[in-house]
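Shared chain: chain A. Partners: chain B in the first complex, chain C in the second.
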Partner chain A sequence: MKRRHAPPGTRVIASTLGALPFDLLCLTVLCVVGAHVPHLPIWYTATLAAIVVVRWWRRRKYHRRVPAWLRIVMLVAVPLAVVAVYGSPFGREAGAAIVCGLLVVKVLESESVRDARMSIGFACFILMSALLFDQSLPFTILVGLMLLPALATLRALEPGLSRSGWWPAFKPGTVTLAASLPAALVGFLLIPRLATPLWGAPDSGQGRTGISDRMAPGDIHSLLTDNAVAMRVGFDGAPPPEDRRYFRGMVLWEFDGRAWLPGAAARRPWPPAPVGIRDPPTHYEVTLLPSHRHWMFALDVPIDTPEEARMGPDHTLRSAQPITHTFRYRVESATDYRMDPEGLAPRLRAAALELPEGFDPRARALAARWRAQTGGNAAEIVRHALNLFHDGGFVYDLDAPPLGRDSIDDFLFDTRTGFCEHYASAFTFLMRAAGVPARVVVGYQGGYWNDFAHYLLVRQSDAHAWAEVWLAGRGWVRVDPTAAVSRVMLADTGGAAGDVGGGSISWWMPWRNRMDVVNRWWGQTVVGFDALEQSRLFRPFGIARTSAQMLGVALAVAVFLALGVGALLASLRPRAKPRDALSAAQLRLQRKLARIGIVRGHAEGPRDFYLRTATELPDLAPTVNKLAAEYLALRYAFPEPPPERIRVFVRRLRNFHPRRVVK
Partner chain B sequence: MDGVAQHGRTGLAARVQRWSRALMRGRNPETLPVRLDRRRIYIVPTRAGFGFAVLLATMLVGALNYQNNAALLLTCLLGAALSGSMLLTWRELHDLTLRSLHAEHGFCGARLPLHLAFADDRRARHGLGIAVDELEQPCPLEPGTSRASVTIPTDRRGWMAVPRMRISSTLPFGLFRAWSWITPAQRVLVYPRILADSKPPARNDDPAERITGGDEFAGLRDYHPGDPIRHVAWKASARHDHLLVREFDRAAPGQPLRFDWNALAGIDRETRLSRLAGWVCDAYAAAHPWILVLEDNRSFGPASDTGHYHRCLAALAELP
Partner chain C sequence: MDQNFAAATAASADSRPRQRLDAALAQVNDVLVGKNRAIRMAFTCLLAGGHLLVEDVPGVGKTTLAHALAVTLGLSFRRIQFTSDLLPSDIVGVSVFDRDSGAFRFQPGPVFAQLLLADEINRATPKTQSALLEAMAEGQVTVDGASRSLPQPFFVVATQNPLDMAGTYPLPDSQLDRFMLRIALDYPDAEAERRLLTGEDRAAMVGRLSPRLDAADILALRQRAHAIVASPALLDYVQALVAASRKHHDIRTGLSPRAGLALLAAARAWALLGDRDYALPEDVQAVFVAVAGHRLIPARTLARDALAQALLESVAVE
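Up next, the complex of A and B:
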């Protein structure tokens, strides 16, 4: 360290890091690492936190620096560990892991004020990156609060901090953060959004949640235990009855022996099947959370197509772009309908009967027996199948045993345990084998109706699979084979049981469902505030479309105004506080007199002032003289003026109303 | 047309004059009190401030690119808070009023303590620093205490104008530096440099009257303004939060010492002055009465009190 000659009586401003700033720096870094715990391996974040704590302890206790070789080892170890876990240093999680590690390395070498400032800047950036993983309101608030230790560290790096606790260090940051909330909101509203990203699609390959494009029995097990919100639906009128809350996502036509896939039929640009409506259509708005897929879920069955979507022949809605951001759309659905009742087109009939050769001989035999028994009556065949699921010893259990090559046979005749996927898959297979056109539909069913805010909350755990069979004269009919199962094993794998439409298992789910109002508000107003919403910002003021230039001008004006108001507030002088009751009363009297134009001069003593007042207000002279005498006596005649006399004096002053008599 | 141009020019001239006055404000000596108002407070980002600006720009571009509104909100919040801290920095200086200043006497070559009295507006200004030369001296002000001390360098004896002072602050986050210049129209008297190797002059040779222990160290006591700087026990003071001075045994008053300018022939003027000043200090420290005789045969003393000490040194300092 360079030492300057310090004159006596002054302190050298040390550029080494003091104890308090270092404590706060370590706290900040622990917060930053903590913000990344949810999406990084726990051993990794735990190791980083432990390193920070050990470093803090060693510096505090022994004033030790970290040897250079150890820092170099860390610098090499961090990318190696990340590559070992993620296979590459690129990508969202790997990037976050690397920057967290580098921040900790920076703390290891931080010995000077400059190092600490750089670490804090770096820490702020990494805090922000944590929001790329989770934009929910609680997490955003948490991350915002984590700015406090960062700002406290910056404050502690400055001189003049008394050593009485942490609050003096935290105070300026807390005050500025609180005071800048309005400015931050205005900036948030006015900063022009990018309609398209400058670089790279933000990680469409990762973080995919929700229903996937295929369905094999056992696949959505993890989904059914996922309490994340899938979508929220607000209805224009009353919500549909509970037994009709089926949200159609995709229709799976093709079975490859193991999994159900959309198949060729879903991709053809055939027109949507005609739908006969038997009740007034339901109008509603869906807010879909990012799924990184194309499926747009709609109440069974959608009868119009939102602008952004295309409707397939099987009445599924697909968006042109993968849904990477919270997406809102309005749809119209008929809940009591006849789909394609006139007659199935041969190409669709063929697709709805196709089965792979060489799989599941026992199931095929069973289906053939039903067909023979009923003489090919489709409705009878369906009843046979539902009776089998109801009386055949089938169990609903999320913890389903694995299935072998002939998965349908294994399920129907051996394990007899499974959940919606198993039942929908087996049912559809049986139907096709018995010659009834059938297909699998995947979507959501149920949801939580929020009576307070009037919307339906659908979680990933509400994911469901059911079947549709085509019956002559009635068209495609929804059949939910899972509902036929009588024995339900409630899995203790979490809070999810939406599949059976059953109750929530964990005690706090009802609370979470109710509190979802806040998340919904957050998602709609903040997270979903995109370029389109922003262009409608000034619609209430008669501006139909706000351009980026207008936003920029508004932003500049807002910054200018904010600085002006801030400067005005900052230059306010704190009002001089009177020292005691007597002075307070005196000041009040002076204000009263100033109102009628008698202002006490800076160099004017109380005695002169009251003398002048008495001459200027001859009518009130006796009163003024008495008040002045009493004040002077109270102020100067006693070492400690008697409080009751002060009280009397204050009352008399209060009742004194000077008025200038115009003559 | 001509008149308009004329008018424009004079307007511009007046503006330039106003600017230059604004620029020069704080360079021309001003009488105290001086209040720092908005026209004389300058503020620019520090190096760290520019660093954070780059950081915020990066965060902004990242949040916009990933269309992540939570991150954008966080960036806006941090940006607003950090740029808002500019106002707090500015507020550290705004309305600060330097009421008066009082200089201690000091010797040339040493730094001279300067006590500043600010108006107490019941506001804490913890980050104030005052720079007279390249060294910035922290002088935090607590509400209720409005006094601060700095030291100024001295390089010549005699009357010296109090140099221009830069009062600055980087609170709260070190991202902005606000500063203002004050040049108080005030002078301080700097005593001559003291020569360390000055031997005391020949005295009355009677060994019986020799002062014994006049330089003998007796103990330490707290520093009071007016104590000779040479008696400050720096090492001991470093262990305390206030200055300590060495106290010496008071020797029995004997024959006054006689420090005569004219007796020091053959050396140059400043060395002579320094030597005389050194002797005065030694005698004062030993509490031994002395007489100082200058070149114009003005004589001071005999005496050994503080007033005499300062009169002698001031006379030496003011010599042409």
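Up next, the complex of A and C:
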């Protein structure tokens, strides 16, 4: 940096980064990297943290700078590493990884106060970006606390404070953060929100768990071990009995020999099949967590369509947009129903019987045998199939062996080991081969009933697949072939397997389930506070819907009220009154000097203070000395200072303008 | 720049005793190298009319300081080496029967001097200590019912070893209060120590010293110190310090009114040595630990000087 001469009357502040701010800066950056640990590769964050620690050690211990070539290498290495991992520098994870890396590079070159200030601004932004990944209450609190080192660093960067301790650095930030909470609340409630987000969190979709649009045995394996919350369901009345807690997601019509797909039938804009209801419908509200897909889950079987959703011919609900943020909707379902009992439309019947040619000859032969034995009685054929799963030596196991080209044959006659997908897939295949219209349904089953807060918590591990067969006179009937299997092997890796009735293995799952009450409240009340909720804010005051202008006015009123209260409190605070005009003038001078970072110590004598000021402002030293001599004489050499001389002093003080220059 | 500043704040108070005072200070500084502050403190005590307690380990120059002061100030000097078998009469003197006149005749003790060095005062028994301390407080001694005034000025320099050393009788708090200032000499720094090692013998140096002041000068300077302006703002500060010592949670017994008077007197004398005719808060701060350190009675086991320093830093200045 080129040194320039400061203009006269200015205070040049040492630009070198002191020990305490540097320590705090490193701590801040470690916190920021730490906040991104959950969604970035662990080796990446660990490397970044190690670089920060080494940098800290070398600068503090040996006063070493990082050579420019090394910084350039780092600058190139960060994007390269990110592209190597994510395939592209774009997207949420890749973006977070790049900015974390760049922040660490910034710390490597931070030698001056200015660098540190920039780093802190950058660090705060990156810290907030961690909330794009996780908006849960504990994580939000954690991120809020991680702001403290950043605020402490800024405080320690103030001139004259770099040598004070940690607590003097942390205290103002902590107090400020606590004091800003009411303001944050007001802003949260009143700053007008956009009905749709200006920008959505981009999601690569890679490696995301969630029910996919395609079911090939083995796909759901990862879901079974995923304890993340899928949705929460609050019922208006009593919850349905446990054996009816099937949440319909999508219906798979088409089998290509390997995988089940929604197929053409699900996409046609045909009206939903008629449903006969046999008990009072269940009313409930679903809070669906982001799945990045269109499927909306509803208790089997939904009979009305929420806003922004469309119901397919097979009574599945699809949203118009992918569900990228927590989505709440109300639905009505019938749990005891007859779906399409009158007669299956020919086009649907054809779709529900279609099988690819040239696959699984042994299963086809078995189905043909059953058809011959029962004379085509569909109910009997179903019973045959369930008996096979019950008595045929089948094992329920999350760790299913791989299957060959004829996957149904291999499963039915060789491995006989699998989970819900295998059973639903094989069962449906057998039904179709035997001439019974059948389809696969994918969704969730079971869930944890939170008795305290009265809602059903459904996790990804509750994902399930079952079958539906169409029986004459009864319509589509749900058959869960997995339930027929008698032998169960629970995988070591698994959490609660929804397939087998939600038996919990982990000791902490009950606690997690109970703690979910808080998460639910947070998710619904705070994270889910959108434009619609905001417009309802003033309903208790008789205003049905608020406009953005109205919110703006309310915000302005709140801000003015807050400022007024603050000013009132400040004026009520007892303050030492200046003894006389001389003391008042001296206090004004102290304030002028404090603004350029020369702060008088609590017990610092006036002469010591002026001496220090003269040292820090060499250009102004003669003026400062003259002012000091005048003040000390007036204050301490007279029992009663002459008013005329006080006036002269005050006038001279008015023309004293110290300034500060930060290099 | 410091000189500019001092000149700007200085008042014109130059006169003969003032110049002699500077010469006296310079002479003592020559003998005790690197002890400027302690020597200035000793002069402060002298000009404020108090008595000085020097507390430190043996061998750092306590006695040399007293000797150099005695010669330089031009006062009559006596020295008492306190031991455990010293009696009060060894200090104040005794009446002996004079066979020639057939009457008792008072034989004055060493206390009848203008500058008295009470060496290792805490080696004597409390009874003997109190004989001296009474003399210090009253400015007179009473023997056989007759009061005898001590010469003026009367300046006691007592030395004592740190209290944790063997064979010492600690001075009670009430007696400590009679010393205006308590100072420590401390080890010399490296430069001063080198000058000490390479320079000539200190005893010989003291032997060659000549008086720079006399009793009349000292009394005049004392009067001038007393006339130093203490403005209402300064008195406020002194009062705030005294009040804070009585409210401080680590202090069982705060500063007495006598301590407040001593603080003000010492601050005035310090200002006089700084060539100013008014006292600044800095003068109070300079002498505060020496005045208050031995007078504060801590509530817990705390270093008294550190406590006094903490107290000083807790009170705001105008």
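Please note the rule applied: the second predicted complex is superposed on the first by the 531 of 663 C-alpha atoms of A that agree within 3 Å, B and C clash if a C-alpha of one lies under 4 Å from a C-alpha of the other, contacts with A are read in each partner's own complex, and residues count from 1 in each chain.
Definition applied: a residue touches a chain if its C-beta (ideal position, glycine included) is under 8 Å from a C-beta of that chain, and two chains touch if they have at least 3 such contacts.
None of these values were measured; they are calculated from a predicted model.
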(message) So in the superposed three-chain picture, is A:F638 touching just chain B, just chain C, both, or none of them (first/second/both/neither)?
(response) second
(request) Quick one: classify A:S15 as touching chain B (first), chain C (second), both or neither. (result) neither
(message) Just to be sure I read the superposition right, which of the two partners does A:G605 touch: chain B = first, chain C = second, or both, or neither?
(response) second
(request) Have a look and say if chain B or chain C is in touch with more residues of chain A. (result) B
(request) Would you check which partner chain A:Q373 touches, where first means chain B only, second means chain C only, and both and neither mean what they say? (result) neither
(message) Just checking: does A:N625 make contact with chain B only, chain C only, both, or neither of them? Give me first, second, both or neither.
(response) second
(request) Report for A:N387: first if it touches chain B alone, second if chain C alone, otherwise both or neither. (result) neither
(request) Take the contacts of chain A with chain B and those with chain C, and give the residues found in both. (result) 576
(request) Under the touch definition given earlier, write down the residues of chain C that touch chain A in their complex. (result) 1-2, 4-5, 8-9, 11, 229, 231-234, 277-282, 285, 312-318
(request) Could you please specify the touching residues of chain A with respect to chain B in the complex? (result) 4, 6-11, 13, 114, 117-118, 121, 124-125, 127-129, 131-132, 135, 139-140, 143-144, 147, 151, 154-155, 157-162, 172-173, 176-177, 179-181, 183-185, 187-188, 191, 193-194, 197-200, 202, 324-325, 526-530, 562-563, 566-567, 569-571, 573-574, 576-577
(request) Give every residue of chain B touching chain A within the complex, in rising order. (result) 38, 48, 51-52, 55, 58-82, 84-85, 87-88, 90-91, 94-95, 111, 113, 121-123, 126-129, 135-138, 140, 149-151, 170-175, 232, 234, 237, 243
(message) Which stretch or stretches of chain A touch chain C in the complex?
(response) 576, 579, 583, 586, 602-608, 610-611, 614-615, 621-622, 625-626, 628-629, 632-633, 635-639
